[in-house]
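The structures come next, written out as structure tokens.
One chain, subunit A, links the two complexes that follow: it is found with subunit B in the first and with subunit C in the second.
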Partner chain A sequence: MRSGYSRRLGGSRAPVSVSALLLYSLWVTVLAVATSDPWKLGFLALVTGLPGLVLGYRRYGVLVPLLGLSLLGTFLNMLLLYNVGDPVFSIGPLVVREEAWRRTVSLDLRILSLAGAGLLFASTVNPRDAVRSLEVELGMPRGFAFALAFALRLLPLVYRDLQEVMAVRRMRGYRRVPITPGDYRSLFMPLLSVTVERGIWVGVAAELRGFSLRPRRRVRPRFRRGDLVLLVLAVLQGLVVAGLAGP
Partner chain B sequence: MLLEARIEEAGYGDKQVLREVELSLAEGERLLIVGSSGSGKTTLLLSVSGVLDNLLEGYTRGKVSLAGLNPLEPEGFRKVPSKAGFVLQDPDKQLAMPTPLDEVMFTLENLGWSEEEARKRALEVLAEMGLKGLELVPVENLSGGQKRRLTLAASLAHNPVILFLDEPTASIDPWGLAELRSYLRRISGERGVAIIEHKARYFLDMVDRVVALREGRIAGYWRPSSPGLVEELEDAGADAGSYTVREPRVSVGEVVVEARGVGAGYGGRVVVEVGEVTVRRGEVVALVGPNGSGKTTLLKTLGGLLKPVEGEVRLRGHAFYMPQHPDYVFLFPTVGREVAEVKTATGVDLTSLPGFEWVKGLMDRSPYRLSHGQRRWLAFGIAIAYRADLYLLDEPTTGMDVGLYRTFGSLLEDLASRSAVLVSTHDVRVVAEYVDRVYMVSSGRVWEVDKGYAVRLLEEAWR
Partner chain C sequence: MASRRWTVIDFALLGVSGAVAAVIFYAAWYVWDLFSAVGPLARPLSVGLWFTGSIIAATLIKKPGAAFLGELLGAVIEAILPTRGGFTNVIYGVLQGIFAELGYRLLGYKRWDIVAGAIAGALAGVGELLATLVVYREIFQAVSDVGSEVGLASPGAIIVYWLAANAVSGALYGAIAAAAARSARG
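After this line comes the complex of A and B, so read on.
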């Protein structure tokens, strides 16, 4: 009898197909972009966003600070640009008004849905399986499939970069929690620079390891039991966003 | 011949980097290519592999034959991976997959192996490279030496006839270097191996020929037994072996940072237990130890960036932490903005500091578009301007050639004249020439060791 480790060395047998997961994540992304209704976005965040975040937390818990910064950045932006209408609540002398609050809630729910959909895919899929499945089952261009797979590998590296940038910011006397657009730019510029450089060299390395020689193979996608659950959830969320069901 | 290159000219856009370079590599031969930063070593690798012409916006004029292929033509370039293996400078800019097994299988499946065959071969190669039991470990959890061996495994799995290694010693500790040397000896056989490296000393005893580049041209070809080789190579900007062990300073100032009974770590988990560490103004102290032993964690804890899991760190004054990668230090889109912000924050005009006059000519440039040496230098300038009481430098000499290293040395002396300096390093030259005291970090503990012992340990570890 084979041990768990040797079974895993023998390859993965996931209950959900990679292609179905990708299509589901893309579908939720489209729905989240298509609607700005806070209730509908709340439904997407509840059905896909939260489960995605919970599943993704173990593998990519490192992204939580980035997500937190995005949510905070959204709130500050809306306060700056749309703080009009009736007061909703106040934080000390700062009165948060209806329009800023409504836009913050909508955008944050959208971010949660998008992040959850992405994490659902990222946390349950192995990048090499992703390259193979997307290419072989969905017939995606291999460059696109590889870029998507590499993005999954990048996440922990980006977190490590973020920690270093935050450390230097502190040493240079800048705020730990970014508030102004300039703060965000100074935080993301080095991250972007390092990530782009890394991406270029990983691309070169992949080519030098024969990526363009990779044989084209096509197989018919195999339907797995978990795919049915995804299909039901996808239809349900589609109906809600289209206004044919739910809130 | 596995490789024959006659490059009349090669470069990027209008910028010519190589001129009149001839290079050859025979079956079973080990060739060492050395030179200072910017001498064209990496461009040479990119040129003979066809990357310069086919993937980057560069050009090569001349002829290259790589295992019978013409890599300068797209069709020849496509077939290069089936004949050649490449190990690039930084493993994190090469490893694309999440686990060692996936990484090696990726190469094999690209080259047409079936999934089953690829898995079987990948497991074999990983075992040969000492990575058995780590096949499914996330790549980010591997040590620097293990990552380097993984890049070797992924480049060799398909048995290429020629192997190129670009600065393979960057980011690995002396123990990892010893493993690398042992694997290189084992895998050579009939294969041709070209090693591009400015730390020539680590490979002089195991190569057949040495080639030096200077300002894009061949400065000379030698056999390792050639008389006066060390001087010739150091003259060409390579680190070929000579250093002196300097006596520690005797006159030092007050204690700037002190940790007693401290547990340094993350999320409640102690990575390093500190019995006692003190650093005084006027001295340079080194932290040495294997990759992954917790040196960076300790640096950050002493600098107040990480809260100790146990105990208390006493820091008197302001600390400045310099990460290994200089890009993390820049926060603004142009050099000019960096200079202006540094002046606002510290009152120091960077362009007036000795050795920083070149900055004036690059004020409109993005700091991320500077050369590696310039970026590292600018980052040091920013650190100096902050006039910290304690400087924490993480692997500051990684990728530095001899010239830059000497300038760094004088800067370190200058810093130590008014601050306390703690350096995490694998570089035996730094320990021998600039450091006064040494702490060893290993197996979750830190203790002070004699400087002479540390130099011997680092020197013997890689051989």
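After this line comes the complex of A and C, so read on.
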């Protein structure tokens, strides 16, 4: 499990701190939501979206084609809903008009920026380091951080339980792919029951080990060289979106 | 009523609801794509799946704040996993969580049954609409403009449709989530 994360950030020698990367990704998300200007969104997509997609493709390859489908879906929806104005270009007999094209470009560039910012963080940071950073550096409440860490730990266990339930279903002659509501009920209820039971006992064990009495630990985030690059990029993108620099 | 103070067991159950919600939210993207293929106006009917985090957490924990934190936690994990929405999931999580929490608040934090789940799910739809108006305003604008252009509906009517579809979808999935969580907790 650990080896899968070995190339991710989080160690003391990592060039960028986890909290700085998280704040950077959140900042780009806010900027992408704030503007509708295609040029400004294009700048965000170029500076953050594209590197995020390239890094994300290595680890979450399946997301990139799905993202492509989303972009195509946006284009088709806008074509269906808003194909008015002067012609921009045509694909065979289909004429794409100004409004459809302008709105598609804006929305798709925003989607690229948002997905890229998320992938930039998710593909370079170990989730456990992210939780630790959120708690000790950024002050996330301890109970919520515990719930988040526990949920991340539970995900592979839920997957393993799902495989077991599926295997038992096959042995009992149920259909492989659940179709009816009854199928889904017989699939998910055992999973939920087991997971809830596990949660209760983990809570009891943590309480018995004095989780509530554990002193709160705060660490001042250490500034690293890579953080300066992120800071410069964040300021630059902020200036462009605010209209103080760039196109 | 039992103590409203959160214990470690409550936070562990919050983690359980977060993990379950994250799996549902992840799968919901595919359901969303399926509904999107039908058309933009069919999309809101699938969004109720994204409100189930708050209902599962509230039904399992039965304490004030559980609905909000459950929705937020599911959204944070959805962003970390990651999904196509990136960190906008957190914006949705916050707004949907606030409105789902409002549902339980209106019931005085005394009911945690299927009806309460349906009400909280329906109200979470208001949060979804607000988040979509902020994050993907172009989609809404296009739907609204076309609705008025073809004489089918005014922008106001589109908002009412959007809200109603969210509420129906939220109430349906909310009731199912509450029933499942009650059954699992025993």
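As a working rule, the second predicted complex is superposed on the first by the 158 of 247 C-alpha atoms of A that agree within 3 Å, B and C clash if a C-alpha of one lies under 4 Å from a C-alpha of the other, contacts with A are read in each partner's own complex, and residues count from 1 in each chain.
Following the convention adopted for this analysis, a contact is a pair of C-beta atoms (placed from the backbone, for glycine too) under 8 Å apart; a residue touches a chain by one contact, two chains touch by 3 or more.
This structure is a prediction, so every number in the text was calculated from the model and none was measured.
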Can A:N126 be said to touch subunit B (first), subunit C (second), both, or neither?
-> first
Of the partners subunit B and subunit C, which touch A:L114 in the superposed model: first, second, both, neither?
-> second
Touching partner for A:E207 - first (subunit B), second (subunit C), both, neither | both
Please indicate which partner A:G139 is in contact with in the superposed arrangement: first for subunit B, second for subunit C, both, or neither.
-> neither
Taking the superposition as given, does A:A147 touch the first partner, subunit B, the second, subunit C, both, or neither?
-> second
Contacts of A:R103 with subunit B and subunit C, given as first, second, both or neither | second
Looking at the overlay, does A:G68 come into contact with subunit B only (first), subunit C only (second), both, or neither?
-> neither
Scan A:T29 for contacts with subunit B and subunit C and give back first, second, both or neither.
-> second
Partner chain in contact with A:F188 - subunit B first, subunit C second, else both or neither = second
Enumerate the residues of subunit A that count as touching subunit B in its complex and touching subunit C in the other.
-> 127, 146, 149-150, 152, 189, 193, 198, 202-204, 206-207, 211-212
Subunit B-touching residues of subunit A, taken from the complex the two chains share | 5, 8-11, 126-128, 131-132, 146, 149-150, 152-153, 156-157, 160-161, 164-165, 167-174, 185-187, 189-190, 193-194, 197-198, 201-215
Contact set on subunit C toward subunit A in their complex | 6-16, 18-20, 22-23, 29, 33, 36-37, 39-40, 60, 69, 73, 76-77, 79-88, 91, 134-139, 141-143, 145-146, 180-181, 183-185
Interfacial residue positions of subunit B with respect to subunit A in the complex | 49, 51, 55-56, 78-82, 84, 86, 88, 90, 92-99, 101-102, 105-107, 109-112, 115, 119, 123, 135-136, 138-140, 154-155, 158, 300, 303, 305, 319-321, 323, 325, 327-333, 345, 368, 382, 386, 388
Subunit C-touching residues of subunit A, taken from the complex the two chains share | 25-26, 29, 33, 36, 56, 60, 63, 66-67, 69-70, 73-74, 77-78, 80-82, 103, 106-107, 110-111, 114-119, 121-123, 127, 130, 143-144, 146-152, 154-155, 158, 188-189, 192-193, 195-196, 198-200, 202-204, 206-207, 211-212
